[in-house]
């Protein structure tokens, strides 16, 4: 049957994924240590692209596409734009705060502890794959009629979340106009009212 | 008629949601501000109707897009949500009355309508979080409310508002992401996102370490929003530098919704056994609540700014709420919920007083408030009422809260705890009295001419101050609804 | 050890999360904080999608007339599409705030801003005494 | 609502109504003051009309709908409360008269606020007197604190504000920290807060815990000025003298000891209190307060301060009477509320009169003043004798019953305490009389009569006379109180 294909993936998939993850971790650490914000922003874009790759490997093509467009694209452009309006070098020395390390370590350890009872990665019998998802996979075609299940769920079953998501975008737009819009008027007001 | 009332649950959220972009069309600030008030009262009316429908124990279910549980998202209203819906929408309606003219101070000409739009979005988010029966939907609407509240906070007059909003944004996003991780783990172990469905399935998966961790992440995530000590650092700046009306609105709604979430997740989803017997979050939550009560109140005593003082007092008051939950008893949760309602009233009133003071003095520094008792007697009387309620003087809502909370503690034989609650309310007396002395016994630096703020500020202030007394005397409503809500959620959490 | 093998990519995700969180809470530069927040959120996306991965599965786009194909779980994908948009919205808002902060303070370093605020406080209240 | 309940509600509402009227009539001082007197008389009249029915055993009750689930605002008039109500409302009239003389003689500002708060304080005192359960008592107790705060700080000076802070600080702190806590504790263990003859706590709590609860109540009622929470009382003497007189000789402090007594009788119950000896700590604290305050009074030169410490000492008589928990001691305590009120208010009236006429505040300045103000000093002398406990003055009765009670309880040391305190009170009161009458006036002061204004003189003579008259009518008061302390009526 499709045995060959499955075999091939089971070896190939993890290898590529592992490489991607190793790169991502390396990039993240590098970003943390960089003082040039411009370089960090570029690396962040690459990081997002790599994560899009990893997402593809995990069969989440829609997410990967969006991540590539939004995460690697829009976010990076936004950050670069913000750098253009502010500064591109971190001027203060990097200090290592003890509490921050403590919090981060605690978070990591907690999560690692949480993985102990998790179903194994890719386990088809995990509860997540057994309850609601099969219904979407097997009945959405008749109920909705779109082959892309992600789209069906997004637009119909969980359409309300998408509506909420649109509202989030609206909110961000309102915020951006309020905070940044009318820059000239704002600056005039600020200098005028600096009592 | 019937058709219409069936759709009330969705209208509760969709009305403010649609109203927000509608502000773009209206544009004229005067029109928009009136429109917001109308929306606020419409929401309030709907929430009261919903409460009336569920008060006897029926649960109202509204399936969005007609997808049945667990395939789609549903709205699910029991007494607990309904109570919170009433609190949020009533506070919004009252605070919005004071809206007109607010925007003019913070925002460039001609963009005032955006201020109202953002306020309506916050309201949408808060109502959406409260009403929904789907855990991921909680996250989405929580982000709507959070993002819009960051915007509102950033509109404060001083530049420090920007930094306050930014810090809140970072803290808030991290908190929301923690919640998202927790939800993810819950989803992973149950395969569903619907609350009812998840509750049933969690009972089977109860003993896994993944669920413990999920609980931890959910609680920490919500605690950031709730400003539970020591995750409260964002709050003092956010409340003291934001425009006063925004502080009034957020202080009386946002933390309340976070408290609701804490109860919903701990009791409704994870269940009593897991939360209080297996993981025992009360071991941590209880001392933190007591710390919050004392640290918040003591910090409030030393503040030199009215709004900042109120902000620190809020941290202490959150301590009372979480203390109620960590008692792990029905009476304790009921006490916490009573305090949610009561604290919304009194803090709302006090922050509106701050708005009045800002209108008159341009700021809320305490040394500028000297002798204000003679210069704006009506406003300051409201401050005294709110302050006495914070202390818990009989005849005010604060007393009802304290009575309920201490009774709940004593019922659990936690005598020392009851005593500590009393002791911390004395600290409230110290800072409230400090205010009273400044306002009534110190000579103003400039003239004593009497000038009250306009009615649009004075009326909502006194609505809330009056309610702080009214519901302190006729407390049946809050006590009854809160007790029923606690009983219902407790039965579900068994 | 078996744990590590069975959950290897969860551990990778956790490490990413830790780095992102660390950048967000420990760094003084506000832009850097936003980046850290982003990395943190991205790692959560990876976490969710990992949960929905089914070994040997493929993207959940139904192919007509084939019952033998294993599909990965589409639900986490749906959720994360929403989360990505939410994430970019908060990034945009955060950066807008950073730009404004830079305009009013002249810096985007937290320490410097705190120092400026403190100086302002002292000026205000000492002016009071004098 | 039956006729008696109507009277109860009238008596409770009249002073509130009075306060509103005072505010409304603020612009016309004469009208305002007449109004105060009219309302005062009407209030006293309605309280007095309850005496008959209560004597016959009726307990007029008035229950408002619950203001909190399970907690109604309830009133029930029982003999002890009626006695306190009579004292408070009766002396209100006299103090108002005196107050007009004092305030006008002194040209004080803000008189309207002053008399409005005064009426409010009386309303609160009556609320305490007629309260049917602990929570109602607590509510009015707090109302009394807050309504008297503006009176204490009336002068508005730095000193007054500081005294006000101490006043409010101690009274509110103790009430919230201890009293409210004790009330809640009681409600949790006894599941009722209603004042019930025979008490509600018996069998619900015992031993050390009961003792602790009792101490929570005793210290929670800061107005009873048990040491070490007595500091507010002397501090509050910065208030104008009518305030000191009514509030700190009658309404406030008596509300305190009345509450202690009421809780002892109706919450603990005499029998329960007498059993087990858990009231010993309270007994010792009260005894120490009696002696320490008396001794301290000896050393004070300021007249009002000396009277204040005398009050602290005398209040603890009543607390001690409650702690002894015998029928006689309770009777003595109840009588002492009345007797001490009459005596002490006279003393304060006199202090105020001296201040207004001669502008003197210290004991050492009083040389020869009795010859210029014979009536005033005469009244002082009579009241002092009553406080000391000499017949034929009212104070003799209460002291007699208290000592009797100490014997009954088998506490000889407490007998000694009462005796010693009487001696000490001679020590701090008599020198004042002696100075006034027997020392020559200091150089440069004129001889000749210079009495206080009539509006002041009249009330203080009336109360002095009452100290004397009441000695002969004590039997009626005894009959009123006898049923609740477990004695046969009449003697």
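Order of writing sets the labels: A, B, C and D. Residues in every chain begin at 1.
To be clear about the criterion, contacts are C-beta pairs under 8 Å (C-beta built on N, C-alpha and C of every residue); 3 or more make two chains touch, one makes a residue touch a chain.
All figures in this text were calculated on a predicted structure; none of them were measured in a lab.
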Mean of the CA atoms for each chain, then the mean for all of them together: which chain is nearest?
B
Calculate how many whole Å lie between the centre of chain A and the centre of chain B, each centre taken as the average of the chain's C-alpha atoms.
30
Nearest whole angstrom, what separates the Cα centre of chain B from the Cα centre of chain C?
26
Would you mind pulling out the distance in Å between where the CA atoms of chain B average out and where those of chain D do?
45
Could you state the distance in Å from the CA-based centre of chain A to that of chain C?
7
Which positions in chain A touch two or more other chains at once?
111, 115-116, 118, 126, 128-129, 132-133, 136, 158, 161, 164-165, 168, 171-172, 175, 179
Spell out, as numbers or ranges, the residues of chain C touching 2 or more other chains.
21, 25, 34, 51, 75-76, 79, 82, 86, 89-90, 93, 97-98, 100, 104
What residues in chain B touch two or more of the other chains?
136, 140, 143, 147, 150-151, 154, 181, 187-188, 193
Hey, how would you classify the chain contact layout here, line, ring, star, complete or other?
other
In contact, pair by pair, are chains A-B, A-C, B-C, B-D
Quick one: in the complex, what on chain A touches chain B?
110-111, 113-119, 126-133, 135-136, 156-161, 164-165, 167-168, 170-172, 174-175, 177-179, 181-182, 185-186, 189, 193
Residues of chain A that touch chain C when the two form their complex
1-2, 6, 9-10, 14, 17-18, 21-22, 24-25, 28-29, 31-32, 37, 40-41, 44, 47-48, 51, 54-55, 58-63, 66-67, 70-71, 74-75, 78-79, 81-83, 85-87, 90-92, 94-97, 100-101, 103-105, 107-108, 111-112, 115-116, 118, 120-124, 126, 128-129, 132-133, 136-137, 140-141, 147-150, 153-154, 158, 161-162, 164-165, 168-169, 171-172, 175-176, 179-180, 187, 190
Which residues of chain B touch chain D in their complex?
391-395, 400, 402-403, 406-407, 410-411, 415, 418-419, 422-423, 425-426, 429, 433, 437, 441, 473-476, 479-480, 483
If we count contacts the way the header does, which residues on chain D are in touch with chain B in the complex?
66-69, 71, 138-139, 142-143, 146, 153, 156, 161, 165, 168-169, 172-173, 176-177, 180-181, 184-185, 187-188
Residues of chain C that touch chain A when the two form their complex
3, 6-23, 25-29, 31-32, 34-36, 38-39, 42, 45-46, 49-64, 68, 70-82, 84-93, 95-100, 102-104, 107-109, 111-112
